[in-house]
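In the two complexes that follow, subunit A is the common piece, with subunit B as its partner first and subunit C second.
What follows is the complex of A and B.
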C-alpha cells in the first residue's frame, strides 16, 4: 500500500512537468513577434519597441531557455528584479480581466466551487442509483427507459440543453434566471453590511442569516445544476450499469443467492460495493472537472466562474489568460487523479497487490 | 511416432458458419448482424442516411447565392431581431430551387425556419451545416485515427523504452481536459489561420488521438506474438513492412469501429467551440454557430424559440444517430456483454 502511494506520488512531478511542456509547446505555434504581444499591456508606438520586448523577454533565445524563464522567471535586465515564472505563482497579466491571471482565478474560483458543491450530490447520488436500478432490472421496462434516457442525454450537447431549459424556465416561466445573483441581491452582497466569508453566496447568505439572498442565489444555481446533472447522469448511468451487470454475473453473487440471502442484501452488500469500484474513478474525475470550471455550462448561463472566464479570454484571443486557466485546470485534474488512484487502492485490494 | 496429434480440422465445427461469416470473420460478422437486427441501430442508420442525403443534395435543397462560397449563410438585411418562420425574404433572395413551386406553391423565397439575429437564414444554415458536420467529423476522425495508429503501433511493436516514452506522452496529453485543451490550441491557432474552421479542427485533432493509440497498442501487443509475424520476420521482412503490412491490418478493426463511431462526438465538440465563438467566422454554415446567435436573445427565447429549436434539434439528432449505431456495435463487440446475455 505504502509503496503504491509512493510510486504514485513520484509520478506527480513528472505529470505536472509534462503539462507545462505541452502548454508551453503550444505557444511555439506563435512567432516571437506574436508572442511579444503576450507581454505588453499597451500598443507599442515607437520604432523598435517590439524588438526591444523580444530581447528583453528573451523570446529569441533557444526554446529550452525560454521554457526555463517561463517556469522560474528571469532577471529583468532593466530593473534587475526577478519577474515572471509560473512556479512563483506568476501566470502573467490578463488583458481581458485587467489584472494578474492568478488574481482573476482566485476571484472567479468561489463561483465555480459553489456550482460544483451544489451539483455534486445530485449528479453522483442519482446517477449511481439509476445505474444500479437499471442493472438490477436488466432488460425490463425501467432499464429500457433508462437506456433511452442515457443515450439521449449522452447525445445532447450541453449548450443545446442549456438553451432549451433557459427557454422554458427563464424565457417562458420566469422561474430561474441566468447569472449568479439578482441586481438587488448583488447590491446587498457587495455592501459593507454583508460579510463575505467564503465568497460562495449561498453559504455566506446562510452565515449572514439572509435567507432572501440564499434563495436568490439558489434560484440562479438551479438551471446550471440541472444541466450538469442530466448530462453527467447519462455517463454515470452507463458506467454503473455495465459494471453492475458484470458483477451480477459473478460466482460470488450466485453463491450469495444460493445460500438464501434476500435479494436486497445480495445487491446492497455483495454486488453494489464491488460494482462501484470503477465508478469511483469516474465520479472523482467528474468532481475535478466541475472544479476546473465547466466552460460551456457557465457560458450558457452567464455564470461568472472559471469556465466562462476562460471562454471569454479565448474569444478575445487573450492567450496568457487561457494558458493560466489551463494550467490551473490541469493541476486540479492531476491532483484529483492522484486522490482517485489512492482511493482506488484503498477500496480495491487487487490494485495494491499488483 | 505413435502419438499422432489431432489436427484441428478433424474436429467437427461447433456450429456451421455461413458464407458471410466466414468471409468477414466472426467478430466483424457479429458487429454487422447487430447493426441490422438491433432496432435502435436501424433507427440510427436511417437517420444517418437522411443526413447524408441532405448533405449531398445541399445545393439542390438550398441553392447558394454565391456558388463560390456556399458555406456562407445568406442574410436578409442586418436587423438584430429574429424573424419568424415563413416570413418573406425581402433582400437578395437566393435562387429558387426547382422543387420550390411544387412543394411550397408560391413564387418567392420565404424564411422556412425563420432568421436568427442578424437575419441569417436558419433553413440554409441547417442544410449546409449538415455538410460542415460531415466534413469536420470525417476530417477529424481520419486525422486522429492516423496519428493514433502510428503512435500506438510503434509503441506496441518496439516495446521497451519506446513504448514507455510514447505511452507516458499519451498520459500527459490525457491530463488536460479535452475541451479546455482544444480551447487553448484553437485560441493560439486563430491568429495563424485566421477565423475559419481550421483552428478548431486542428485543436480537436491535437487532443483527440490518444484513445486510439491506447486501443491499437493493446491489440497489437497480442497480435505481434502470433506465428505469422514470426514467419514474416524469419523471411527477413523489414520492421515497417511487418508492422504496416502484417500487424496493423490485423489489429485495426476494433479501433476503426470505435473511431468511426466518434464522428458524432467530434461534431459535437466542434459545434461547442463554434458556439463559444472560437474559430469559425460569423455566418459560416455550422450548427454551433447558428445556436450561438441565440445567446443575444436569452430572455426572449419564448418568442424566438425557433432560433434554438431547429439547429439544436438537428445537432442532437445527428449526434444521437451516431450514438445509436455506436451503442449497438459496442455491445456486440464487448466480450463482457456477451457472457451476460447468455
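What follows is the complex of A and C.
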C-alpha cells in the first residue's frame, strides 16, 4: 500500500503540469489586447496605455515563454527583482483579489474548509441515512416521500433556493445573516485580543473561549450548510438506496435473516457496510468539491470562500489567479481520490492497492 | 342569530389579542355591520422611525472594490471614496457646491494676476494618522511624486497638463521631448509642435524609462520640482503653472491632490524624493505599489483594515484637526460615526436582504432593481434644482429613504468611426465592406448626411424610458447641464424619422456627386448591413443599439443593423483595432469642468479613436486651449458656445442623455447631502439615529 501511495503522490506534479499546460494552451486563442483586458477596466484615456500593459506583463511573448515566466518568474521592470515563478513558491499576484495569489488562497481557504467541515456531517450523514431508510422501506410511504423531497432539492437551482432561504430566514425572520461574522464579532476577531489559530471562526472562537463569537459564526453557516445539504442529498440518497437494495437482495443477507438475526442487525451490521462502498467514492468527491469551493452558494450568502474568488478571477480573465486555484483544486482532488482509494482497501478486503 | 354573535365574539377576542400584543400606537377598530358581515380594520398609526441596531457603525454593501489606496495612482470611484475619507486635499468643496472651494489643508491661497502662480498657506498643527506633522514639504512632495510616478492608468494626466502644457498627458511625454529637443526645451513648458516630437514610446514602459540618460531624467525631475515649490519657513506651497488653467482648483480638490507624509512614504518603500531615483517608480502598477493596501492621511477616518474581496473598515480619527465647521451646520470635531464598514457583496439579492434586515445602512442599487426597493420607501426626497436641495416628505411606513432626481456626472454616447479599419481577413462589423446592400464601406460615416441621419433616427424618449427608467434629460451639448458654455437651447438633434430619411437621400456614400435619393446604386436604394457591438452585461449600451437598429429598419427596410454582445476583452480589442463602425461608450467626469468633457470627446481618448478629420481637430483644439486658459467665465462661455456649434456642424456623435440619480438609505441615516463630484460618500458628514 505504501508503494501505491508514493506512486500516486509522485504522479501529482505531472498531473498538475498537465492541467496548467492546458489552461495556458487555451490562452493561445486570445490576442495580447484581449489578455490585457484584465488590467484595463474601461476604455483607457491614453492611446499608448494598452501597449504599455502588454509590454510590462510580456503578454505579446510566445505562450511557452509566458509559461516559462510563470514557472520560474521574470524580472520585473519596475523593481528589478524577480517576481513570480511557482517553482520559487510564488504563485503571482492576483489582480482580482488585490493581493498575491498564495495569500488569497490562504485567506479564502479557511472559510471554505469551515463551511465544508460543517456541511459534511449533514450532507453525508443525513444523505446516507435517507438512502438506507428508503431502501429498507422500499416503495413504501417514507421511500416515496424521501425521494420526492430530495429530487425537488436536486432540481432546485442553487441560487433560487439560496435566495429563497435568505429572504425567509434573513430578510424576514432575521435569524441567520449572510457573510461570515456580524460586524461586532468581526471587530473583535480583527482586533489584537482574539487569537486566530485556524482562521476557522467557529473553532477559533472555542479556542478563545468566546462562545458568543462561536454562536455568531455558526449562525452565519446555517443557511449555506442548509442549502448545500438539501441540494446534495438526492445524489447520495439515490446511490445509497440503489446500492442498499442490491445488497439486500444478496444471498448472505437472506442467510442472515434465515439465521433469525434481528432486522436491525441484518441491516446495520451485514447489509449497510457493503452498500456503502460505492457511496465512499461519491462522498469523497463531494468533500473534495466542497473544499474546492461552491461558487453559487458562496456568492448568494456572500461567504468569502475559494469558489467565489475563483469564479471572479475566471470571469475577468485573471489567468494567474485561475492557475493558482487550478493547482490548489487539482491537488485537493488528487489527494481526495487517494484517500478514497485507501478507504476502499480498508473497508473492502477484496480490494488490494498495488 | 347565534352565528352572528359567535363571529362578533371571536372577532372581539381576536381584537383584544391584537390590541394587547401590538405596540401601543397600533389601533384596532372593530366595526359591526348590520346583517352578518363583520369587518375588522387595523389602522396602524405611523410607526416611529426604527432606530439603527448600532448607530456608531455605518455599513455599506456594494459591489466595487478599490484597485489601490495610493492617491497618486487611484483613478476609480471605489478607491476614491476610501481616499476622500482618509486623505485630505489643500482645498475642498463647499458642501454640495462643486464650483466653490473652501480651505482644508490650506488655510488660504492667492492666485497671481496672470493666473499662472497659485500660492497656498499650509495649515499648522495638522497630524497624520501615524503621528507625523503636516508640512509644506509633504504637500509639495505628494504632488511631485504623483507627477513623476505618472502612468497612463493614473489620474496624473489631469495634473501634467496644467504644469507642462495642453496635451501633455504623462511625464513620459516630458521625458521624450527632453530627449528629442534637450532639457532646456521643457523649461518653458511643451508647445503643440514640441508635443508632436514625442513618439509616445515611453508610456508605461518602465524598462525603457530606467534606461533613459540619467541627465535627462534628472532635468525632468528638476523641472517638476521647480513647478511645485515648498517654503517650510513661510509655511507655503507654490504652484507655477505652464499656462493659466481654469479648472486648476477643481483638479487639486480631488483625491489625486491628497497630501501624504513624506517620511512615512519613504519609510514604507516609496520614492525618496531624489532626482536620481524617480525613474524606478515611474508607471507603478497597483501590484508593485507599496501604498496599495495601506494609507496614512490627515482625514476624519483612519484605515483599520482591508480584507480584499470582503471588507474595508475605517475607524474614526479621534484627533481630527477640524474644530470649526467648514460650512454652516457642517461637521466639526471627530466624526460622529466610530466605524465605517464597506462590505463587498456582489449579489444583489444578498445586498437587498441585508438592507431589509437593517444590517446595511446603504446599498448599491442598480437601475433595473429599483422596482424591488421602491415599495419599501417610507420617505421620499425629490431634488429641487432651484433650491439645489431636496424636498422630503413621508410617504409611508417603509424603512428606507429615497433621494431622487439629482443630476449625475456621467453619460453614455454613440461615437461614429470616420475611418473603419478593415484588417486582412475582413471585418465582420462592416459585412462585405462595400456599398452592395450587404455591408458598408470603411468611410461610411465620413459622410455628414449619414451621421445626421443616424442622429435623426435616434429616439431619445424611448432611450430615457427604457434605459434610464424615465429618469433622464436629453443633452443638448457635449458637457453637462449647468456648466459654463452649456445651453439647453443649443443646437441639437431630436427624433424625426422623416428628416432621417431625407438625410439618407442627401448622402453620397459612393461619392459620384449624385445624392443617394436619386442614385440607384447609393445607400438609399441599395441599403446597407452592419453590426453594432456592445459589451455584454451593459444594458444601456444594448438598449442604444436596439433603438438604432429598429428605427433605421423602419425608415428603410434595406437598412439592416445586427446587434452583437461581445465579452469585455473582445469588445476592448475591437475598440482598439478601430474595427467598430460606431461604438457606444461612456464618460464619467474627473473634475467638474467643461474641459474634462471636450478633451476626451474631441481631441483625446474618443476623438482619436474616431479618426476625426485633422482640420476639424485643429479647430477644436484651438478653441479648447482658448477655453481652458480663459479665467473670465463670460468669455469662456462664449468660446465654448462657439465650440458647441462647430461640434454640431461636424456631428461626430449622437449625444444621448444625462440620467438623474437615486440613492437609497435607511431612514435612521442623517446628514447626507449631494455633491455630484464626490467619488462616493463622505462619511464625516453622516450619523445615525
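Just so it is clear, the second predicted complex is superposed on the first by the 277 of 354 C-alpha atoms of A that agree within 3 Å, B and C clash if a C-alpha of one lies under 4 Å from a C-alpha of the other, contacts with A are read in each partner's own complex, and residues count from 1 in each chain.
Quick note on the criterion: a contact is a pair of C-beta atoms (placed from the backbone, for glycine too) under 8 Å apart; a residue touches a chain by one contact, two chains touch by 3 or more.
What you see is a predicted model; the values in this text were computed from it and never measured.
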{"item": "Which of subunit B and subunit C A:152 touches, first, second, both or neither", "value": "first"}
{"item": "Touched partner set for A:55, first subunit B, second subunit C, both or neither", "value": "second"}
{"item": "Contacts of A:259 with subunit B and subunit C, given as first, second, both or neither", "value": "neither"}
{"item": "Which superposed partner A:309 touches (first subunit B, second subunit C, both, neither)", "value": "second"}
{"item": "Subunit B versus subunit C as contact partner of A:30, first or second or both or neither", "value": "both"}
{"item": "Touching partner for A:98 - first (subunit B), second (subunit C), both, neither", "value": "second"}
{"item": "Subunit B versus subunit C as contact partner of A:187, first or second or both or neither", "value": "second"}
{"item": "Touching partner for A:107 - first (subunit B), second (subunit C), both, neither", "value": "second"}
{"item": "Which superposed partner A:179 touches (first subunit B, second subunit C, both, neither)", "value": "second"}
{"item": "Residues of subunit A at both interfaces, subunit B in one complex, subunit C in the other", "value": "30, 34, 159, 163, 166-167, 170-172, 178, 299-300, 302, 317"}
{"item": "Residues on subunit C engaged by subunit A in the complex (per definition of touch)", "value": "54, 57, 59, 65-67, 76, 152-153, 157, 169-170, 200-201, 203-207, 210, 280-288, 292-293, 304-305, 307-311, 313, 339, 341, 343-347, 349-350, 352-354, 356-357, 359, 568-570, 572-573, 575-577, 585-586, 600, 604-605, 608"}
{"item": "Residues of subunit A that touch subunit C when the two form their complex", "value": "30-31, 33-37, 39-53, 55-56, 76-80, 93, 95, 97-99, 104, 107-108, 159, 163, 166-167, 170-172, 174, 177-179, 183-184, 186-187, 190, 299-302, 304, 308-309, 312, 317"}
{"item": "In the complex with subunit A, residue positions of subunit B that touch it", "value": "40, 168-169, 171-173, 175-177, 179-181, 183-192, 264, 268, 271-272, 275-278, 288, 291, 294-295, 298-303, 305, 308-309, 312, 315-316, 319-320, 322-324, 327, 336-337, 339-340"}
{"item": "Contacting residues of subunit A [partner subunit B, same complex]", "value": "14-15, 18-19, 21-23, 26-27, 29-30, 34, 138, 151-152, 154-160, 163-164, 166-167, 170-172, 178, 242, 245-246, 248-249, 289, 292-293, 295-296, 299-300, 302, 310-311, 313-315, 317-319, 322-323, 325-326, 329-330, 333-334, 337"}
